[in-house]
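One structure is given below, represented as structure tokens, and several questions about it will come after.
All chains are identified by letter, namely A, B, C and D, in their written order; residue positions are counted from 1 within each chain.
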Amino acid sequence: MFYREAGQFKTSYKADQALLPILQDRIGLAVILLTAFVLIPVFANDFFLTSIMIPFLVFALAAIGLNVLTGFCGQLSLGTGAFMGVGAYAAYKLTSIFPDANVILMVLLSGVFSAAIGAVFGLPSLRIKGLYLAVTTLAAQFFLEWCFIRIPWLYNYNASGAIEIPRREVFGVIVSGAEATPIARYFVVLSITAGIAYLMANVLRGRIGRSWMMIRDMDIAAELMGIRPLQTKLMAFAVSSFICGVAGAMMVFFWLNAAEPSSYSIRLSFQILFMVILGGLGSLAGSFLGAAFIWILPVILKFVPGLMGIDMAAETVEHATFMIVGALIIFFLIVEPHGFARLWQIGKQKLRVWPFPY
Amino acid sequence: MNAFALDTTTAPSDETVKAERELLLRVDNVSLSFGGVKAITNISFDIQKGEIRAIIGPNGAGKTSMLNVINGFYHPQEGTITWQGQVRRKMKPYEAASQGIARTFQNVALFKGMTTLDNIMSGRSLKMHRNFFWQMLWRGPAEKEEIEHRRKVEDIIDFLEIQAIRKTPVGRLSYGLQKRVELGRALAMEPDLLLLDEPMAGMNLEEKEDMSRFILDVNQEFGTTIALIEHDMGVVMDLSDRVVVLDYGKKIADGPPEEVQANQDVIDAYLGVSH
Amino acid sequence: MLYDIFIDPFVQMYEMPDFFLQVLWEGFVAGILYALIALGFVLIFKASGVFNFAQGIMVVFAGLTLVGLNENGVPAYLALLLTIAVMGVLAYGVERVVMRPLVNQPEIILLMATIGLTYFLIGFGEFVFGGEPKQMIAEQLGLPTGSTAFEMGERGLIILQHIDIAAAVIAVVMVAALGVFFNKTRIGRALRAVADDHQAALSVGISLNQIWAIVWFAAGLVALATGIMWGARSDVSFALEIVAFKALPVLILGGFTSIPGAIVGGLIIGFGEKIGELYWGGLVGGGIESWLAYIIALIFLLFRPQGLFGERIIERI
Amino acid sequence: MRNFKQLALGTAVAAGVGLSGILTSAVQAQDANYVPLLTYRTGPYAGSGIPIANGMHDYLAMLNARDGGIGGVKIEIEECETGYNAQKGVECYEATKGKGAVVYNPYSTGITLQLIPKAGVDKVPVLSMGYGLSAAAVGNTFPWIFNVPDTYWDGASVVIKYIGEQEGGLENLKGKKIGYIFLDAGYGREPIPLLEQLAEKYGFELLKYPVPGAEMQNQSSQWLNVRRDRPDYMVMWGWGAMNPTAVKEAVKIRFPMDKFIGVWWSAGDDDAAAGGEGAKGYKALNFSGVGSDFPALDDIKKHVIDAGQSSTDAESVGSTLYNRGVLNSVIIAEGIRTAQELTGKKVITGEDMRMGLEALNLDEARLKELGLSGFAHPMKVTCEDHAGSHPVFVQEWDGKKWRQASDWIEPMTDIVRPLLEAAAAEYAEKNAPWPARTEPCPN
């Protein structure tokens, strides 16, 4: 009833291949973009921006990165946290070597380094598959984490062993460091995330995206059709690590302000993996939904007891949050193993036939 | 598609004409074993341009292994393979694909997460060249290339009469349709040699008839050389120009259908006479 | 430099044989403990194809339950029995709530479900027992706590902790018991049947649900043993969960389905990382233990993708 | 399945309620001084975090119950759980900042580092008592950060001084081997430059044993190395689950425990108790009182614990880390009181609090008045020196409890101070443009 594509005819392949061929989807996206770029900046308070929106967007980008590798190319990775760390440390080094350069450019450039490292750790994927590969990516995780601590050059020999983000301006607006306003950081993060999401949507619907999915769905058949497995997998590793690296750099530059190596630990890898799986493997929109669920839900749950007038100790809330998130993960896996993206599809189907059940 | 093959669009029935035709592929004394198990023993045969060549034999005769050797998935321990006049070195499967060998699989090996359209488009992978940068931008060259190949793919969709399932994820299709999509995917590669591994297994009569028609059309309209494995003797005898018969990894007969049909070894093999 | 890498470590081993033996012993004990954690993974993977990420937290949870009950005045042996009962309830609950509805899902989904279970158990465990590290009640359980020293040469000394010896003994007993259970009992045979083929097992009248509850219970028992042993070495706290990751390279070496593989893999990792850390770690500043095991596993996999005990994979189409 | 549906529904409702809460979160009523406590009672470091959180909470709660707050105004205490996790730390900071927080105690080096540049911008001081960034002691560079009573470098110098005393003079350290086992993170690495400098000066050999965060409970390699190297003394910079494991391992390799000295964060009762009988003689630095024999602690028992307003059990009052938490709250409370005196306001702001902390003067008389005579060394903050390099003492584990084992020992200020100055200058340079101090000095 509300969601209908009947009557929307395509007269060219060009129109048929558009990113969102259906009018309602285009309207929906426009509303989301309007909300993100106009309504939220106008109405949201600082807490909403810094503790909900900015982390959400950073995580969504990281989830897109991991989704490219795991969801689209079928290579399970548990090293996301470390690849994000590579991006963060690279961006930090770049901004300290080139203090006058545009910091946004440096953040994007840092992805090149994480892409290179990611490709190196992707090499075993030619011979190792599935869960075995997942465990070998743990090697990347722990080894890189060790490097972040052991190579003082990476953190400019700071006595604290951490990287601290200095103040940087872009076109006269402070975007990083303590003085940067939440609004400025929000716009930077939003633009980068939206931009990369758009570019990836393009890559994923074309030849390269298809070659990744071929490897994922049936690697032998893909190879017999002329796909070079090593090149294709390494490209997925590189692209995925690039995006994760940029997300990692954004995490410290526009959100946390300072990071210790433990900020990029195995826990971060799991956090991102949750987002990807709950959101839906192989779905860009799912990456956003998964990030929203895993990041925003616990933040919100913390406020509930206070508002309902229940005096709960802070740690009890934390325990409850762990239990609820754990239970919900299992719950959603049981209800829909293909993630929120599939739930959304089913919802759309329901809307299409509404008010009739079938 | 292949310039030479296009010249000979009508299938010649005369034996002598065939003998003069150029060899596409020659297999010489090939042996293959896994560990101690011999899958193929000292087999030689050839495939000529433009013909339909059938490989038959009882279960476990080494037919699929033979196809796997031809497209580079297995590497034989002994023997040589000559492709278009050149002795082939040891190579990767994707190199075979770029030389113009396409195939379908005994158990459908479609990309389950993708639609029919995307599956067939994936056959065009080797022919598309826009790099990552253009793909990211989409507008411009990448989109143009995509539309260009989409046209070719739509031709194949029309040819195979699967317009209605264009946007359906292949996992939801019936077995027969999946086999058809798989054929489409192989055709999209515009191969010189098309290997079909039991294209009609598990089909009902109508579906078999459809599939036979498609195979003949592909051979005649596009001039594509075809090597197929099939169990349905009727189909094999009707479709193929020449038949090679394997049993226990050995070649027991080679020749035109009617000749092979009369061969005592072949009859024994199929009836299960003990060796 | 080359001398430091290729010669000096061996010279050291030769010059201080007592120390080398001590390193081997520590490697052996660490390996046994890794193997015990890995054993829990293997049991569940074998019977249900689930890569049980929650094994690490189950170790913590079992240990905490035991100590927590004891702290609340339950005598040690009764607490042990009650903990076994709790692990049984947990196994039953997991089978009912997690495994049964997720039957036949791809392995990554099952993996994720066990990570969800991990989150739940962390929250639940901390909620019930609090987040403080707790002392393992090794003495009350009758486990030996002292140590024995052997003199060797002039200054040589090898110190064996009794608790480590007990850990080794218990590990051997558990493996033997599991072996008997798998091979000699009706349930054990059913379990192996399930491991080979779910459908076929179902068709000869084996109840999958029952089997799954049993393997989760068995894994819970293994977790309890691990929790006691590791808890006695340091203490029972949630930080232990991270140590449990070490079981993953062990699994890679040994294969996901092989019980002897878990033991051998555990020992390889245990010896490898102790020897690596003590004789080569110093060259790069030490602390390489956090990743050495994974790198060993990775290099190993490059040469034998099927693992130590796996059969050579022939790809078919 | 139905339970699941209810769970999902319940969560959805809860999420909705919570979301509306975030969007409408109002500023706190302005009749109290709002003190958020960033604590961690969960996660791998909970073992150390819980007693500290209890101590911090209980002292402030006691002031509320006994005196009706400070200067007649209640203290509004709110705990926010960080789990020692930098992501959640920032979230807690943002969630509480808008409610008029007067001071932050992050209890994590990582979270402190994140807050250091923000403190000056948001005008809320950070009190990192005996942790965080050592260089923050330089008040002219870091007017908003306070790390009384000591920096890690002070602590490291006291350890060496103490070892020197044991050996009959610092000159006897020549040729000795001192081992340093530390959590392999910024926290544990920070003292290394100072220790190296001292090693050079006094001619001892410094051996380093890093313990990776993931391997806290798996230290047998480090201690095997210790066994091989046979150092004369061991110094430890550990935290959380690392401490009890290290003590156990030291007992295991039969290291002489009286030559094993931990920093003040390795001084927990549980840390030492883990070693059982064998841990007797283990030493640690400390700057907060030993035992529960103080009138103020009795008040806490009476007004807070017996009144059921705390999650502490009475026995843990007087444990090292609990007392540490109490001392932290004493400094907060005294900072608020000083700020009230300086400004004449009852409800103060973060800026007032900064003045109050900078003018903090906790002398012997004041400590006595608080019922904490001998609980801490008298401490005084100046505008130049936010740490103060106050004396600390060494305590020893007697198998059951800690007892003081030395007098108050002065840090080597002459060596530490120039290092601090240099580090502060370097920090300002690396984070250029670092704002110059404009805040007035209350002294």
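Just so we're on the same page, a residue touches a chain if its C-beta (ideal position, glycine included) is under 8 Å from a C-beta of that chain, and two chains touch if they have at least 3 such contacts.
Everything quoted here is computed from the prediction, not taken from an experiment.
J.: Could you name all chains that are in contact with chain A and with chain D at the same time?
T.: The common neighbours are C.
J.: Measuring between mean CA coordinates, which chain is farthest from chain D?
T.: It is B.
J.: Compute the distance, rounded to whole Å, between the mean C-alpha positions of chain A and chain C.
T.: 33
J.: Centroid of chain C to centroid of chain D, CA atoms only: how many Å?
T.: Taking the mean C-alpha position of each chain, the two centres sit 36 Å apart.
J.: Could you grab the centroid distance between chain A and chain B? Build each centroid from C-alpha atoms only and quote it in angstrom.
T.: 42
J.: List the centre-to-centre spacing of chain B and chain D in whole Å, with centres computed as mean CA coordinates.
T.: 73
J.: At which residue positions does chain C touch at least two other chains?
T.: 101, 126, 131, 242, 245, 285, 287, 290, 315, 317
J.: Among the residues of chain A, which ones contact at least 2 other chains?
T.: 142, 146, 220-221, 224, 266, 315, 318-319, 322, 324, 327-328, 334
J.: Which positions in chain D are in touch with at least two other chains?
T.: Answer for chain D, listing residues that touch two or more other chains: 41-42, 184, 212, 214.
J.: Show me the residue ranges of chain B that touch chain A in the complex, using the header's touch definition.
T.: 71, 73, 92-94, 96-98, 102-103, 105, 109-114, 118, 121-126, 128, 130, 132, 135-138, 142-143, 145-147, 150-151, 154, 185, 189
J.: Can you tell me which positions in chain A touch chain C when the two form their complex?
T.: Per the touch definition, chain A meets chain C at residues 76, 124, 127-132, 135-136, 138-139, 142-143, 145-146, 150, 220-221, 224, 266, 270, 273-274, 277-278, 281, 315-316, 318-330, 333-334, 337.
J.: So in the complex, the part of chain A that touches chain D is made up of which residues?
T.: 44-48, 50-52, 55, 96, 99, 142, 146, 149, 156, 158-162, 164, 166-167, 177-179, 255-263, 265-267, 297, 299-304, 306-308, 313-315, 317-319, 322, 324, 327-328, 331, 334-335
J.: Any idea which chain A residues touch chain B in the complex?
T.: Those in contact with chain B are residues 12-14, 17, 199-200, 202-203, 205-211, 213-214, 216-218, 220-229, 235, 239, 282.
J.: Mind listing the chain C positions that touch chain A in their complex?
T.: Those in contact with chain A are residues 51, 97-98, 101-102, 105-109, 111-113, 115-124, 126-127, 131, 242, 245, 248-249, 251-252, 256, 284-285, 287-288, 290-291, 294-295, 297-298, 301-302, 305, 307, 315, 317.
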